[in-house]
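The chains carry the letters A, B, C and D, assigned in the order they are written, with residues numbered from 1 in each.
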Amino acid sequence: MMAHTAAQRIKVGIVGGTGYTGVELLRMLAQHPGVELTAITSRKEDGMPVAEMFPNLRGHVKIAFSSPDKAKLEQCDVVFFATPHGVAMAQAKALLAAGVRIIDLAADFRLQDTAVFEHWYKMPHACPEVLAESVYGLVELNRQSIAAARVIGNPGCYPTTVLLGLAPLLGGQPLIDTTDIIVDAKSGVSGAGRKAEVSTLLSEASDNFKAYGVAGHRHQPEIKAQLDLLASTSVGLTFVPHLVPMIRGMFSTIYVRILPEAREVDFQALFEARYANEAFVDVMPAGSLPETRSVRASNTLRIALQRPGQGDRLIILVVQDNLVKGASGQAIQNMNLMFGLPETTGLNQIAILP
Amino acid sequence: MMAHTAAQRIKVGIVGGTGYTGVELLRMLAQHPGVELTAITSRKEDGMPVAEMFPNLRGHVKIAFSSPDKAKLEQCDVVFFATPHGVAMAQAKALLAAGVRIIDLAADFRLQDTAVFEHWYKMPHACPEVLAESVYGLVELNRQSIAAARVIGNPGCYPTTVLLGLAPLLGGQPLIDTTDIIVDAKSGVSGAGRKAEVSTLLSEASDNFKAYGVAGHRHQPEIKAQLDLLASTSVGLTFVPHLVPMIRGMFSTIYVRILPEAREVDFQALFEARYANEAFVDVMPAGSLPETRSVRASNTLRIALQRPGQGDRLIILVVQDNLVKGASGQAIQNMNLMFGLPETTGLNQIAILP
Amino acid sequence: MMAHTAAQRIKVGIVGGTGYTGVELLRMLAQHPGVELTAITSRKEDGMPVAEMFPNLRGHVKIAFSSPDKAKLEQCDVVFFATPHGVAMAQAKALLAAGVRIIDLAADFRLQDTAVFEHWYKMPHACPEVLAESVYGLVELNRQSIAAARVIGNPGCYPTTVLLGLAPLLGGQPLIDTTDIIVDAKSGVSGAGRKAEVSTLLSEASDNFKAYGVAGHRHQPEIKAQLDLLASTSVGLTFVPHLVPMIRGMFSTIYVRILPEAREVDFQALFEARYANEAFVDVMPAGSLPETRSVRASNTLRIALQRPGQGDRLIILVVQDNLVKGASGQAIQNMNLMFGLPETTGLNQIAILP
Amino acid sequence: MMAHTAAQRIKVGIVGGTGYTGVELLRMLAQHPGVELTAITSRKEDGMPVAEMFPNLRGHVKIAFSSPDKAKLEQCDVVFFATPHGVAMAQAKALLAAGVRIIDLAADFRLQDTAVFEHWYKMPHACPEVLAESVYGLVELNRQSIAAARVIGNPGCYPTTVLLGLAPLLGGQPLIDTTDIIVDAKSGVSGAGRKAEVSTLLSEASDNFKAYGVAGHRHQPEIKAQLDLLASTSVGLTFVPHLVPMIRGMFSTIYVRILPEAREVDFQALFEARYANEAFVDVMPAGSLPETRSVRASNTLRIALQRPGQGDRLIILVVQDNLVKGASGQAIQNMNLMFGLPETTGLNQIAILP
């Protein structure tokens, strides 16, 4: 596809957009030099300027929410779905027919196995044939197919950390025991979205720590499906997510066992080589301890390796901002690729610390 | 009334109780030596053990929520209403007729002027005659009438801090300009209750500070009505509440102007004398700076006075736990008085710090 | 030993006490019916009322810090050391000679292997013979020897969660693979103490999540030593602690592999039976998800079991308040036992929620 | 002065830079298109890459701290002092002599009255003649003199909110009672800096609210001096700062009394007109309630007016990010002006929400 120039800005529509992935898309797209923000839909908020709902956008984003019927999304070059699961697949065919590309931040195009999708999301898949052509939008793994794709399933936040944390260990010579991977993951509360719920009230969730979804979290099948692909085998995965009393940030502590024949491998060098040319994956120096704040509001994901006592346990520590690399930033990274822009366009902001 | 003995425990019922004032009542009553917790009602949660909703109560509180029809509240000695506004006044007459005393933690019995009540709470008052006999349950101001009362309107959280912060200055010789009192108040988020609302989500309310209700807060008429009584005149009050990103705690910064004829008054001595015998009001040493955490989870309210440059501005700093002295602890303090128990019974817990 | 009566209150001294375990000891001992708080030492704060440093104690604790030479600790029945590592062992012999019992909240009497102690704490052990008679103060494991002990090494906070979380699985018929135990642990910031350090400033540690001490944490050898005892073998332990942006609370997620011969064991029943008579260990119903706030400011430790997909991974979730069951509450529990008081005396407070 | 072009980047040095204003300068300058970051000094951290201290800068800022003797600051075009008070005035003369401009983020050039400076900062002023030519760097008030200045005293964080909140009311026809201005101000904890102190530990400052410095805060004389200038009279100011348990953000609630002759003034229109052309001052619609998070990590300051009951009390609510518009962002805004760049260069980032 030809690169868009400043004179040919990408016309972008957003469906949904009243949640946190929505406001993050707006924040980043408003500062993106290659984009023209064309429409944002919300049936309920029709006519309300987005800056009224999200006061940080005052003076930066002028458009208002409009009801879907008025939004003329078919005139866009690309539409982001920042919606609940099930919305994108209902509108995908019509938009594709109009020549619009689709990036879905929900789960509609993340799981190729529709039976698994239906089991976890409790709805039939509305367009298996679109699903079949869709691409899993983890740029560092699928760069070429993303560039050519019409439909992107933007990865879940937890899967992004786990897949990038494990990818260098899978697919080549056997390095780790793939039957027994443990992921102890922790997320800030914004991952639960901007829904009115008792469990995520400040008075409930702050000054508190808990596990949740231990019996089964929707990101588990997504992680496993992608790990199976990477490993060319069925991996064994234990996944326990926890809720951290903070707004943003995600931390995955991944425990794998090094195979006897791989004890001499220099894992630090392996990871550094794998991600040497990746703008948004930072392999930290050996022995580092990443912090979520080091990536707050940025598209960077950081990885550090620990091998206590030089034994056979390798521990991979991964941090990202769940709303940026784990959602909206990654979606824009996909868009950049799909429209021939440099991958980092509009995504170079430095993390906010403190 | 005769004092209850351990052998004659007060039979207590709670209407509502699925909110924060409810769980605080349960926590403190479960540890109260003179109380038998008899019933707690919730139509929606009928049959659910309270310890399932509030896991801190596991092993301490055995009773379950029951629907109002099963709860036999008329067999209680006293019923606390930890309900939305309007519930207590609908049930008051029947309970009183059955000989049950009532302590309402909502606003039904706080405002003697029913027109004011109806203006601010958007509902007619259902039982003006019960209202007429009810007593405003601020123990330090109304001890004697509370002891004899059948119905208590438990004060709002903000009013408790403001009234106790100003009472020593009102009602005697003129000390301050009562036409111009400014209250800049700050509350933790639990004051908004345990309702599912976007504005009090951790992701919205933490790492943030804002004013709210500046155009009109329901505690303003309550404060003014009581100040008018104390001052025997119509006071001028500016009241601006703010929301603090913390769970518990309330801080009121009160600005008054010292009258010229009162410039030589020793305000520190005045306050110390006024509260010398109060178990739950702590007048801190001159120049102190109170902190909300110093009263976290306790029934103590602390006051400190500041007079910058020994000028004519007196600043009164007041802290309390909004859920304890500002709500449930104060309600139990009222109960103790009404049933002839020592006022501090069950209320001696030391604040939690850090 | 004869039980103390109210008329014979235990005379208690505290060495140190300007930190968080100190203020917690003071808070709980001030409300303990069998204790007379006799002395608290701090060379630096000599003469300062403790309530000046810890404003929650105003009106509840009258004593002041005194320098060690004035404190007459040898007249106490028991002395708590809430000090840095190394202080208790320097004073232990003299106090024992004076008939005083010792409960050390630091590490001086936690590790029987002095070489291990010296490796991790970078100091020689000053009194190996006192160490030899000391007892590891985890009541639920060592009740009888604690009751008879003169010197207690109060357990570290992390070890308390891990040992109580694993004890039912060890020591009987083989149930789990003891060569590969993974503990992913999370602590509130108060665990780092009340020391002026950049890394635990609010501006550094809030809205952030990180691992620390992955290369080696002092609680690792303590956990391993006790697990080895319980398992009667050398266990394999991976231990990764993390820092949670909250004040209090500790959460350990423990991953073990069920042995093939133990697949049919009812682990829930096993845990419930093991702790059926323990006042401070709550085995939650199957499938529960414990939260740290459910034990905030209480001496309760809660355990829940998860077995995803009924496979061979058993996940044990453990919560406690790091300052109470993880430190000062446990120390008082030890004292109660040592002086013949009911174990729960002064420790029955209900957790604070919200 | 001639405008710098991209080919002539401004050579910038930073003295200090290990604190929060330092890392914010680095974050914003690293993304500033007209700047070349030349040197950053720290005697203690000589040789340490700044990205090691501030991990958010990894991959964005390559330079290391250097000791002052190596830093060749005299070759810079401008030097920022992000240092404790007293450092800039010691080095000012030599740098000016070398043709270097100075922007001091500490207080050395904020107070023209050296007696006042010495009273509040407990040190004599080292260079009164440089002070005499320095300009108070509040761009919206002093744009022209800043553009021509060689030395800037960058305003304190509290003064920025108060001065911009009151400026439209002062200096023209009498509108408010200048003898009685009350500022109830609230700041996030980062305002206390990155110093190891007990009072700003997470365990002390979170879940807590308190006033501080009521008896006298260093920003009081700074505010008063500037208000006196604006009002051409000596104003009466009551200033009470409070500490909010959040990292960033500042909120000032300003209470003024409208003069009888100004009761009909349209204050909303007045403020909107005053700031119509200001890029970084947002006068919100009438009745708005600003939130600190709406400006988090951005250089915007927002103002809203409230006039309860249309009476004679005008309440001005002002929010900013204390580290950006209240410190480092404002400093860069000054630099842009001094070097002929568009004032908003490098300062257009949208606030981070949630």
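Quick notes on this structure:
Criterion: a contact is a pair of C-beta atoms (placed from the backbone, for glycine too) under 8 Å apart; a residue touches a chain by one contact, two chains touch by 3 or more.
These numbers were taken from a predicted model, which means no experiment stands behind them.
In terms of the stated touch criterion, the partners common to chain A and chain C are B, D, listed by label.
The chain with its C-alpha centre at the largest distance from the centre of chain C is D.
Averaging C-alpha coordinates per chain places the centre of chain C 46 Å away from that of chain D. Chain centres here are Cα means. That of chain B falls 40 Å from that of chain D. Each chain gets one centre point, the mean of its Cα atoms, and the points for chain B and chain C are 37 Å apart.
Touching two or more other chains at once are residues 20, 188, 190, 194, 203-204, 206-207, 245-248, 290-291, 293, 296, 354 of chain A.
Chain B contributes residues 180, 182, 184, 186, 188, 203-204, 206-212, 214-216, 238, 240, 242, 244-249, 251, 253, 255, 257, 287, 289-293, 296, 306, 308, 313, 315, 317, 319, 354 to its touches with chain D in the complex. Interface residues of chain D facing chain C in the complex, by the touch rule stated above, are 20, 188-190, 192, 194-198, 200-207, 245-247. The touching residues of chain B, when paired with chain C in their complex, are 20, 23, 27, 30-31, 54-60, 190, 194, 206-207, 247-248, 282, 284, 290-291, 293-298, 300, 302, 323, 348-354.
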